[in-house]
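Below are the structure tokens for one structure; questions will follow.
In order of appearance the chains are A, B and C, and numbering begins at 1 in each one.
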Amino acid sequence: MNTQAMEIQATPTAAMIRTLGIVSTVCGLIIVGAFQGTYTAVQENKRLATERTVFKVIPAAKSIVEYQAGAGGIQPVAGEVPAGALKFYAAYDGSGRLAGIAAEGGAKGYADTVRILYGYTPDCRCVVGIGVISMRETPGIGDKIVTDKDFLANFVSLDVQLNAELSGLAHEVKAVKHGTKTKAWEVDAIAGATITSRAVGRAINDSAQALLPKLVPHIDKIRSKS
Amino acid sequence: MTATIEIRTAPHIRGPRTVERIMRQVVLSLAPICAFFVYQYGLSAAASLLAVTLACLGTERLFARTGSQSGDISDWSATITGILLALSLPPGFPLWMGAVAGFVAVALGKALFGGIGFNVFNPALVGRAFVQAAFPVSIAAYTPSFLPGRFTEFIPSSLAWPLMMPADNAAWLHAMHLDALAGATPLAKWKFDGVLAGAGELLTSLSGHMAVGPSPLLILVCGAYLALRRYLDWRIPAAILGSAGLTAWILFGFDAVRYPNPFFMLFSGGLILGAVYMATDMATSPVTPRGMWVYGALIGLLTVVIRYYSGLPEGVMYAILIGNAATPLIERITQPTPFGVGEARKARRAGTYPLHPSYISREEAGASAPKKRIFRNKPKRTP
Amino acid sequence: MTPAQAKNWDEFMEGIWRQNPVFVMVLGMCPTLAVTVSAVNALSMGLATTFVLIASCFLVSVMRNVIPKEVRIATYIVIIATFVTVVDYVIQAVSLALYDALGAFIQLIVVNCIILGRAEAHASRAAPVPAMINATGMGAGFTIGLLALGVVREILGAGTLFGISLFGASFQPWVIMVLPPGGFFVLGAWLLVFAWWERRKPGADVAEVTQHA
């Protein structure tokens, strides 16, 4: 060792570890304290946010239960949703009867993925409402999917019934050019925001194609609130 | 014995051409195009030209007074910016938005860089890019040309209050028994609805109620006048149109159903106006002849690529802005070999060196060397 | 004002005016450009950063004599990260909508160079009270900077201020203002205003700060 290094008063290793240990302990306590202190409020907020979106797409809903549809039928969600299973919300009205199903779908829009939640009712086998969960579409053009009344009217009863073999939708949900909607399963696109409108149509189609064949055969299981 | 020696620095050859003169000629050549634009769209087009140009001139005056920028409104360059900007906007574009575009064009596109000659991007396109991003709905709202009452009434959207949303033209058009599609530009019709307009009617812009700018044919004629007088370099428009046409033609060859024919690509949208008047802006395009070809080819290719593969129907503006940004780089890689350096030294030892016009870009007839008398007292060379 | 008060006041004003983190030092540009689409977002982000700044400067200042210089950066980061986590939970508890609007930029406060810079340059050498005063000034300066951007962008981009409509329903929003380029334009315009202000002050010594975020 050279003399220069000897002259510098080095901090002992034990002191460094001790200080870091103290700091970590103090910080750990603060973090855990903050987490515990806010836990109930955060969970409550999250629940409210989910309920608000689900209630928006299924107007009759009063309470919701989270379910997953996988190879083995429908189960309530406990912990993580396993791979291959799809999560959805069953919404019940005031008397505990099934008011509808809400599920998420996503498709590439103009700027980024448009993620939506749509409501499905087994009685009319149709989509009864949509809500946007997240999107980055151009303000003033693409974001009309939230406000445009004519566009939202598409989703009051959008036909998504299954085909005879129950393997997929009888008719593909598809956005068509503004003013040319003729069938109950077509989505009348917003003029000037065709790409975003198509994304909404595709999001519903992709999600419904995957979820409904797994869900509809077992729908009686969740007819009433358990 | 006294000898007067006048010492001067280069340039020793002086032409009668000044910035003011060039700019005045460009404005002059734009006059027929403006007249055609007014003929097509009437009052609104005239008001738009006036509002945008006045906004440009006002901004130029403001910055010429307060800042240390070069140039002033007397050099006509702000007038050109205003006219080109107004021509590239829809005729029914709200006048207050046009004024915003004019202000941004000169303030952000030109004054911030130090005035005329220092700007990196074409000011008119900077202004247009800003309003394109700020008011995407209004800038896409074209109206059909040659409407019956165009000289007596404004297009409703023109007269929006400042900061307020313009009126929707749809009801107004409906009252004239025109369908909604008449208000879409040929490019938008092709992109979103798959309707293709004929190249012939696009070239003249004269037939029917089409939502198009001034006639590409007229622009080409006016551009040819400038090119003949050597106020713009013919290489740039030639390279842009050539490369755009070639790219479109190759794609058309691959899949004639999916891609439109190259003539539609060339004559639709603002490609001709951009190629002739905007890309040739002297401050923002390369000065080397080879560089001009590279620059033009880049813009033409990008235009077609943006039109085909992006969400936007029109790509000329962004293509030229990207070309502007690439200009310093293009100039660097296309520097001509200095006279007497490199290969030429060996090969042409005893040859003659004609001053071929292609050696000097934007050269001009009528340039003259200083008068002989300056060299009257040439100092004797020491042996 | 006693000399001590004057000194404190000076310390406080340092961050707000002479060394404003946004307009003079041009630090913390990431949240400045990203979350200032509305005045509320800007204000919340500013307050969150201010809280982290004050709390971590206080803790660093208290522990300044026991932290060995070899491990000081690690210590500072742990302290800052702690308070950022606290802020993260608190914002989630207060409003999920706000939490979604601010997005990843809450967690990114950890690497906001204003905070580490203050801890390193000031709090590690000052007593707790001056350190907190300085941190408060810096936080206030940062909040003012964010608000200056947020207010302009919200007024032009949505026609509202703190969610209150200013021009009525027929206002034409300038879409560009809520997009990323709008952030750059407005920041550039404010920097221009500040530079112009500095220059026209007679005999002003222009702060030549060359730090960058």
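Note that in this section contacts are C-beta pairs under 8 Å (C-beta built on N, C-alpha and C of every residue); 3 or more make two chains touch, one makes a residue touch a chain.
In this text the structure is predicted, and so the values were computed from the model without any measurement.
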{"item": "Overall pattern in which the protein chains touch one another (line/ring/star/complete/other)", "value": "complete"}
{"item": "Per Cα centroids, the chain farthest from chain B", "value": "A"}
{"item": "Distance between chain centroids, defined by C-alpha means - chain B, chain C (Å)", "value": "43"}
{"item": "Intercentroid distance (Cα basis), chain B paired with chain A, Å", "value": "48"}
{"item": "Geometric centre distance via CA averages, chain C-chain A, whole Å", "value": "33"}
{"item": "Overlap residues in chain A, where contacts from two or more other chains coincide", "value": "138, 140"}
{"item": "For chain B, residues contacting two or more additional chains", "value": "136"}
{"item": "Shared interface positions of chain C, touching two or more other chains", "value": "175, 179"}
{"item": "Chain B residues within the chain A interface of the complex", "value": "136-137, 140, 180, 192-193, 311"}
{"item": "Footprint of chain C on chain A - complex, ascending", "value": "11, 15-16, 19-20, 22-24, 26-27, 30-31, 34-35, 37-38, 41-42, 45-46, 48-49, 134, 138-140"}
{"item": "Complex contact set, residues of chain B against chain C", "value": "94, 97, 108, 130, 133-136, 138, 160, 163-166"}
{"item": "Chain A to chain B touching residues, read off their complex", "value": "110, 138, 140-141, 177, 191-192, 194-195"}
{"item": "Chain C - residues contacting chain A, complex", "value": "59, 63, 66-71, 74-75, 78-79, 81-83, 85-86, 89-90, 92-97, 100, 157, 173, 175, 178-179"}
